[in-house]
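There are two complexes below, and they share subunit A, which is joined by subunit B in the first and by subunit C in the second.
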Partner chain A sequence: MMSTDVLVVGGGAAGLSAAAEAASCGARVTVLESDLQLGGQLIKQTHKFFGSKDEYAGTRGYKIADILLDEIRSAGDRVEVHTNVTVTGYYPEDGTITAMRGEEEYFRVSAKKVIVATGAQERLIPFPNNDLPGVYGAGAVQTLMNVYGVVPGKRVLMVGAGNIGLIVSYQLMQAGVQVAAVVEAMPKVGGYWVHAAKIRRLGVPIYLRYSIKEALGSQVVEGAIIQEVDDRCSGIGNEKEIDCDIICMAVGLSPTVELCWQAGCQMKYVPHLCGYVPLRDRTMRTSHKDIWVAGDASGIEEASAAMVEGRIAGLSAAMSLGFKGDPGKLDEYWSRLGHLRAGEVGEKIRAGISQVMVDGWEE
Partner chain B sequence: MHLIDQHPILNYRHGRRVKFTFDGKEMEGYEGEPIAVALHANGVRVYRITPEMKRPRGFFCAIGKCSSCFMVVNGVPNVRTCVTPLEEGMDVRTQVGKGKVSI
Partner chain C sequence: MTDKELLFNSGILVEHREGAELPPMDLWKGKKNGLVVIECPQRIPCNPCNTSCPTGAVIPFKDINDVPKIDYSKCTGCAMCVAKCPGLACFVVDLTWGDEGMALMKLPYEMLPRPEKGDRVQCLDRVGQVVFESTVEAVTEPWKDSTLVVHVGVPVDLVDKVRAVRVVK
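Right, the complex of A and B next:
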């Protein structure tokens, strides 16, 4: 059995930040990551981040992953990291955690405190042939081209004009792949204007109030039909056939929260945060006294916020074990989150957070 | 292999190039990279056939969460090929239906 002070489930933006912070207080930390590499979605991002200097604004996402990994390395043997290990269960009777390395080796983990930084999973929308090979999640397309340098396809239809749809469209063009069009069911672009402008300048049409009607092909994607939709997303004609071999789905993410359910954390469905998420206090602790949450698992938001939430969770989990941390940092981290969530763009997140934040838990 | 040869920002670092087979056909990929990625680079799109509707399935989430890329690897069915590292000489096969475990 593996044992540790603080177990961090997930080695992405939130998890690595949590691990670095908890280790800096002196805690022994174990990070379990299901992917073959650390860094989560950060390693797939070629664009420069926004925010302030504290969140590495102006630095490209994959470079931010390097910075976090350096910080983890500098903690020496206080942080143990395992990739290709998937946490499969939390047993609330005695807090045992089960995990599997690869596909066949199972083992147990005993941890004093757990930080759930499991991220998110991609959504799919219903349309005929949406299961055909060639209909890929946006994150999967990024994995192929930005992590492994594999050409995803020749010509892509992007479904969704939120930040992910816009950024991945641009990344596809960086990789030399044609983007046939971006369709967006809403009447306006959901992502930042700067990302939309970049792909429009390169001649990619963004069809607003359009959605995909069906994928064409029998064995693999050979094209797509898009159509104009009304307020309720029902088709109202004006169909167009799009020549493409990849249909990239950027229609949102859902928090990955199975472990929180298994542990019996109090959960709430909050549309602003894109699904069920655990209630949490100011330290990112859930209703379970040994479990913290950070990053997209606590509600879909940007990587910058995930990193700050990871810091909060790491600091608090370590301090709960009696390790020395600076409690003033908590205020600093919350003020950073406040800046990231300020203004019109943060409105939705603020509305969501207000529904899941509790003043404190009864001991 | 369908690889990106020039990228304005990224420099790709690959490991050792190794041989493996897909449905008996020899292919090449990079050791330690996901099997599903190596297959995609070799132009393979269909990874399994569903049990009931007999529909083709391939790559989808690439993070081990969706089960679309289950294949039979070295005789073991239901392997998440998007998070399983490629090894020299691996026998990778299209999974038809639920796959069978030989005991």
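Right, the complex of A and C next:
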């Protein structure tokens, strides 16, 4: 059985930050990542990040992954990393974790503390023909283009104008793919205004109060019908046919929290955070005394916030084991999160977080 | 919701407002090398325009969510912010450049093909319509991070319209 002080489940923005922080306190850390390489969504992000210098603002996402990986490497053998390993279960009786390497090898892990940094899953919305080849999640499009260097098609309809929809539209254009249009059911873009302006000035229409009605085609996507919608997202006519061979869905994410459910963490459904998430205290500890959460698994938010949450969880998990950490850093990290969440776009996050924060846990 | 609001909500600047203002004309028209024009009207947690500014012209943010404020007397038109801004929302406009009636615009550029001096470009407005055809005067890469700054001449009456270029090859 593999054993470790701090097990980090997920090697993305939150998990790598958590691992780096816990290791810097002296803890032995093991990172299990289901993908073939570390970095999570960061490695697909070719755009420059927002935030402040503390969150590497102005640096491209994949470069931030490199920075975090360097930090992990500098911790030497205190951090053990396994890729292509999926955590499959948590057994609350004795805290055993089960994991699977590839498709063959099963093994068990015994960890004193666990940080769940499992990220999120993409949502899809139902519409006729949404099972045609050519209907992609935005994450898949990014993986194809930015990890494997494969363009998904020639002309894309983007569904959703959150930051992911806007940024992936821009990345598609950088890859030489036309973006026929972006549709967004809300009366304003959900992502940053500047990201919308960036693609608008390159001639991409953004249809607000529009949604996809159906995909056209029999074997593959050959087009799409979009239509105007009302406040309740019901179609009210004004249909347009869009010429496209790819429909890219960027309609939101849901936190990946199965492990938290299995462990019996107290969960709450919070629409602002995009699904069920564990309650947590100021150290990102869940109601389970050995389990912390960070990043999108604790509520859908920007990668910059995920990295800070990872730091908090890593620091606290290590300190709970008696490793020396600077407790003052907790205040610093919370002040950074406060700044990141302060604006108009952070309003939703603030409302969500206030529903899941507890003052402390009764031991 | 008016059409104008809806247009703004889709990423089009329909009128100048806080965080998206033009420099004062009396200073602007005589400022060699140009002054910065920033179009960042939404409060978001982001400040690289300030931290990348070598002269302090982009005033330090009290709150990282503040929209940028500019001390135009300090701006040298260096375009470091143009290349650093993650939102590609910074531009420099030099009204003293070239012949009567022409201005030099320094615009961020992250597309292929990589433009070179002398290339023909289409100048695009905020909705991507071609409003002018011009020639690349210079290309710089201030941070050596693949974000280029393309210098193109445009008529003075288009400096509040042109916001992107497309290279014609």
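Please note the rule applied: the second predicted complex is superposed on the first by the 363 of 363 C-alpha atoms of A that agree within 3 Å, B and C clash if a C-alpha of one lies under 4 Å from a C-alpha of the other, contacts with A are read in each partner's own complex, and residues count from 1 in each chain.
Quick note on the criterion: a residue touches a chain if its C-beta (ideal position, glycine included) is under 8 Å from a C-beta of that chain, and two chains touch if they have at least 3 such contacts.
Since this is a predicted model, take the numbers as computed values, not measurements.
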Classify the contacts of A:S34 with the two partner chains as first (subunit B alone), second (subunit C alone), both, or neither. first
Once chain A of both complexes is superposed, is A:L144 in touch with subunit B (first), subunit C (second), both, or neither? first
Between subunit B (first) and subunit C (second), which does A:V204 come into contact with in this model arrangement: first, second, both, or neither? second
Name the contact category of A:D131: first (subunit B only), second (subunit C only), both, or neither. first
Given the touch rule stated above, what does A:T256 touch, subunit B (first), subunit C (second), both, or neither? first
Applying the document's definition of touch, where does A:G102 land relative to subunit B and subunit C: first, second, both, or neither? first
For A:S234, is the partner it touches subunit B (first), subunit C (second), both, or none of the two (neither)? neither
In the superposed view, which residues of subunit A touch subunit B and also subunit C? 60, 174, 176
Per the contact definition, I'd like the list of subunit B residues that touch subunit A in the complex. 1-4, 6-10, 12, 14, 30, 32-34, 37, 40-41, 45-47, 50, 55-66, 68, 76, 78-80, 82-85
Over in the complex, which subunit C residues touch subunit A? Could you list them? 1, 6, 9-13, 39-48, 51-52, 63-65, 84-89, 110-112, 124-129, 145, 147, 163-164, 166
Using the touch rule from the top, collect the residues of subunit A that touch subunit C in their complex. 47-53, 57-58, 60, 161, 173-174, 176, 187-189, 192-204, 206-209, 304, 339-346
List of subunit A residues in touch with subunit B within their complex: 34-36, 46, 60, 62, 84, 86, 102-104, 121-122, 131-137, 139-140, 143-146, 148-152, 174-176, 219-220, 256
